[in-house]
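This is the structure I want to talk about, given as structure tokens.
Letters A, B, C, D and E name the chains as they come in the text, with residue numbers starting at 1 for each one.
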């Protein structure tokens, strides 16, 4: 193990832990902001950390079978392997993104979701299965605009390597992808609403309709791992979107700031909109965002 | 203005139904009618179809153990005439039977199931009789009958907290001294 | 000794033994398996070696056969999948009504296919093709499904149409080139119009066998109504013959330059014909997946999923670049693997429970753990999730399409592969997870032979996931044989890293990374020692406080993706099958009208003849 | 079995209160729904037969939790009708004000529930937060936030505190201004409209026959309101309109409730201006020996969810023979729900339930 | 179906792990409350939840299912039918779990002392950690009750769930006296998760 790869390994571990902590930090900030909008105080900033420690200190864990125990572990694996493929900056911060391009990242994201879906299936709760079916339908919905945006990016930069895409966006804000190619940017932002599973599209885990959806049967330690993976997944997705559309970041702090600002967008949309019905969610993504996406792609090719 | 409508409906009902036991006005928009149990359904049909009593407010039952009778009360409202009509009929308490009016109003089913569970009144023509509506695994006699004492049932089934050492019934104590306290 | 003759001898021995020993089941099965495995071993041993063995065989300069990597690639697939299918059907077909004939016709189909693949001239190709279709038609009849005749007949008629269009194209070639040999074709002789008709007739013939969208109506019926272990072979290997046929006719004999002659487009650097092939593949992939998502019967869903996957292969061929061909060949192998394993799993389930609908099954994970593992690995490959082999095909295909600047097509194919993830999850959820029904409590695990037949492809997929470059070595062997300068921008394979101008992907590195992280997270998971883990029963779930019994139906499986169906309902009713059923109705109405003429009494016939004679007289006199 | 049995049971975040809807679901569509009640039954009608008239006064307001004043008012008027007790004029004005305040806070609670079930979590925070200011007024007037024990047979227990009028009028202006925000956030919200229009539709011709009452009936376009059909208290001296909207779906019911919310504010303003002076309470004889002659009466009033009636029978002793409460939820929650839910989507169950204003305790008392 | 071994009380409840202080602090400051309005007091929970009183300041959050909840509020009187569901929800909650009884109905039957359908004393059936008095306690009273519970958790006195496990037979015995259909097949005798 040459010093270079050892050093890169240490940086990766640091980035993974950092993304957990930063994910929780953003989550608690989001809770404070929603509380302020609803003119109330909101929980203290360290609340997500307290929740996870409490969940870990639970005394009994209940599982229905081997798959439900394996589910969270595989989900953690899926999320971490997505994280290491996304560049977080220059030099060692590009982690192992030299081993997988945009298509690999797009596909390895589904690994975590499949693991959780299987764990929910094993639990045998009808609410869980309905929640997963809804989540997958929503994914099937928002993937189309997302793919259109990514493919048009590949067409524009003549390469599927994320580092190359970042490199092409150097210079001022003017030539960030989101502004240089407006249509592609708008499609990606609309698709992002679906990815973040916030209010207008949180019918997978809607408490009123399907009691807390997929995580109905998960308590204690499984719920703790679910929350950490959720936090990491949010950071990973946002980092990817920042890299692709908002010019990546030279150092980690600018990246953190950009991630937080981008995170505010689905948050505020979610605060003022009720939930779509399931069919409308699916159709929403296949109507306007897809049209804009096609236009963006057409412009990108010709 | 409602007054004239009241007497007009009263006269109409009288000449339509010969053997009404009694019909009088209880309050300015209320009409109380007593009937035999056998022609209740025909009366209600007539009221609903011709006399525009479209809204069934309630079916209730009053228990008269001393006369050994259940008194079933149908409360109908006519929105156009603004009249609330209480149709009362007395049925035997030993095996209370009555014709169901399920076909007229769907919500009548719920009232009849409740009366069956609470009083034991049996409505023919309603297939959901005996269905568990409110009480679960109830083994005693229907609870709303007068001869069922709920305090004695509570003492038998539930254990009270035993700190009440003095066992004094506060209510009797207050009722005796109420008048002196008011004078002070 | 001539390699070809030995292989033919071994296989015909197997065929004969299936006829002679039909009484003794063990002997017959063992002899068939022996013959197949010996033949397979033989082919693998001499796969790439061309020196020192006689490998060509011709008869009366009409039938030419050749033994080289070009056809061995497919022969290995046929014999391998055939072996697994027969191994699985040892228990599956035991005591079933059509067992004896099942093996006979199965061997006949295999013989036809091997002959077809080794043939180097159109005549023997066509004979092998017919033997294969006939064999498979007869095997479908051996299953004990009620409505198997209707669907077998439909399959047979449509394949017949395909065969005739192939025959038509052969005659066009013959009367211009006067020889059936593939290599004897030179495009100068043909005019542009003739070339296009030639291409169209050939593609119709092969697209029918490969069940591509407009001609796919027979697929769901034939796949689901035939004995399931044979369907594993049917969709695992036989549907690839259409791809092989397209390949050998278009690139083997006609050649790229001739295709370009029929109209070339600079932007996409392909001919219009190939561009239509690509879009046919894309549409098949998308609509096949959509149809699979919304189907209720397990076998019908897997059938439509095969239709969808074949769409991917067609795209690869349509692109006409080395990367496209490697993607197709890679997908031929992976699809062969996971489809065989999935069909054998479903065969085992139906063998044990007798149920074929999603909503009748559920919670079989504890009864059939091996089947669960095999299905899990197959659906991960089906959905193309990185650590396993499925992702290699997806990556290669997308790189090839991007290389050819077909971006819209890439977008829709990617969406189709996400759709594949949807029905893959439904397959494993409704069969193995969820609440187990009362009557399935004592379901025994899959029979031993079936379990072996499931696990071998699963191991193959895992192996492919980590070392895809070994398969690339064989595909490159395949492509070098064709002396056409394809679009040279192939993929540079350095040990397990795939790099080409657009992107890169390192299979082994990613696979090992996932395994290491899995170990790390299990350690992280077991950090908490204090708590106790209780394994609880099936009914202890959150039911909003209510008490439930084993009879309450708690499985959510019917109309699983009802949302997609409701939102796409207006678009779904224009499906191809409705279109064909409408045509057939009008056809029946027409024939009913014509039938009225035969009224059955003499005077009418007399009048008709008299009128007829008068008309002809007038016609000739004037 | 094609269908899945889902229990939107007693412990379910989507259900308002403590009842159970047993659904047979196929995919996303509901085939059959059955409501199970009885989780909050404490046999309160039996208990009232064991208590004298004044003793059952504290029990009466605990029947329906979101709107206790409706029960108090009904019970008081029923006893007055049976015993022929007279109520002073000022007490009637105060009683009407209390009823209208109860309607306001119930509508605020409804707005929170309706939007919460649809996922708009900002709206409940706002509306239930503003409802609390109304509860402060109740606390000031009656001493209790939810259970007020204020309106009893013979009049009202306490007079208006000093300065109550100005504080109430300020609150009315505040609520009126807040309504603009609610309209922008909920009633005019595009997604709310998309989900509300056309779901949970009650056909206009069957509405009366199914026993639909209150805002739900007015939502189907039929104009009936107990305050106009049979004006009790001082409703004949006040000017207010009763809205009707066509469509019979969730959105038309929402508009009806929004319009009535504004009407209640104007009613309270009228009361505050024209309330006469005078005594507030006619003393009743010694409650333990107060015998009421034999008689039957049925008293009803317009609660925020519909016609709320009390059937009372007295038999001349100091305890009443029979009381039977007829709340709107009794019909809306059981027989009406079993007619609307089949055919609608699984996701809309709790939205429809909230739009019908179902309050489980009044279903099984 | 393997036979479930019921959670026996062994050392790990009492042993003092090194970071026990941190877990106590975490359990104290993050209480997830089961969304189950069992009685008439539930109406006072909504103002406590929303912007005016807002219990999320104390780190309390509602949870839809018993699996994630650690706090069960019995808000007011409890009819026998609801008691059966409360027992199932309570047993499905993960340890350590706490119960708060609202109002006088849970203490001695309250106003419905003579009703045939409500239980008179809650802690015969499930262990109760904190009682909040008041016939429907006000939001301030609810918050003070919750604060009191947090202190009790802080110094390890809130051990209702240990009591439930220790004398599980006694509780099951009382429950069976009232719930007639307890030993039906759908109501398993053992600790149903």
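The rule is simple: a contact is a pair of C-beta atoms (placed from the backbone, for glycine too) under 8 Å apart; a residue touches a chain by one contact, two chains touch by 3 or more.
None of the values given here were measured: they were computed from a predicted structure.
Peer 1: What chains, if any, are shared contacts of subunit B and subunit C?
Peer 2: Where subunit B and subunit C share a partner, that partner set is D, E.
Peer 1: Would you mind checking which chain's mean C-alpha position lies nearest the centre of all protein C-alpha atoms?
Peer 2: That would be chain A.
Peer 1: Averaging each chain's C-alpha atoms to get its centre, pick out the one most distant from subunit A.
Peer 2: Farthest chain from subunit A, going by C-alpha centroids: B.
Peer 1: Could you compare the number of C-beta pairs in contact for C-D with that for C-E and name the larger?
Peer 2: C-D
Peer 1: Work out the mean Cα position per chain and let me know which chain is farthest from subunit D.
Peer 2: The most distant chain relative to subunit D turns out to be C.
Peer 1: Please tell me the distance, in whole Å, between the geometric centres of subunit B and subunit D computed from their C-alpha atoms.
Peer 2: 23
Peer 1: Between subunit A and subunit C, what is the separation of their C-alpha centroids in Å?
Peer 2: 36
Peer 1: I'd like to verify one number: the distance from the centre of subunit D to the centre of subunit E, where each centre is the average of its C-alpha atoms, in whole angstrom.
Peer 2: 30
Peer 1: Centroid from C-alpha atoms only, then distance subunit A to subunit B, rounded to Å. What do you get?
Peer 2: 61
Peer 1: Give me the residues of subunit D that touch two or more other chains.
Peer 2: 4, 9-13, 28, 38, 41, 43, 46-47, 50, 125-126, 129
Peer 1: Where in subunit A do residues touch two or more of the other chains?
Peer 2: Touching at least two other chains: 38-40, 56, 58-62, 126-127, 130, 207, 211-212, 216-217, 220, 278-280.
Peer 1: Can you tell me which residues of subunit E touch two or more of the remaining chains?
Peer 2: 7, 12, 35-36, 50-52, 64-67, 81, 84-85, 89, 114-117, 193
Peer 1: Which of the chains are touching one another, listed as pairs?
Peer 2: A-C, A-D, A-E, B-D, B-E, C-D, C-E, D-E
Peer 1: Residues of subunit D touching subunit E in their complex?
Peer 2: Residues in contact with subunit E: 9-13, 17-18, 38-44, 46-47, 50, 58-59, 62, 65-66, 109, 112, 124-126, 128-129, 131-132, 135, 145-147, 361.
Peer 1: In their shared complex, at which residues does subunit E touch subunit D?
Peer 2: Touching subunit D from subunit E are residues 34-40, 42-44, 46-47, 49-53, 62, 64, 66, 77, 79, 81-82, 85, 89, 111-112, 114-118, 135-136, 138.
Peer 1: Under the stated contact criterion, what part of subunit E meets subunit B in this complex?
Peer 2: My answer: residues 80-81, 84, 107-109, 113-117, 119-121, 124, 174, 177-181.
Peer 1: Enumerate the contact residues on subunit D facing subunit C in the complex.
Peer 2: Touching subunit C: residues 1-5, 7-12, 20, 25-29 of subunit D.
Peer 1: Which residues of subunit A touch subunit D once you look at their complex with the stated criterion?
Peer 2: Per the touch definition, subunit A meets subunit D at residues 34, 37-40, 126-127, 130, 199-200, 202-203, 206-212, 271-280.
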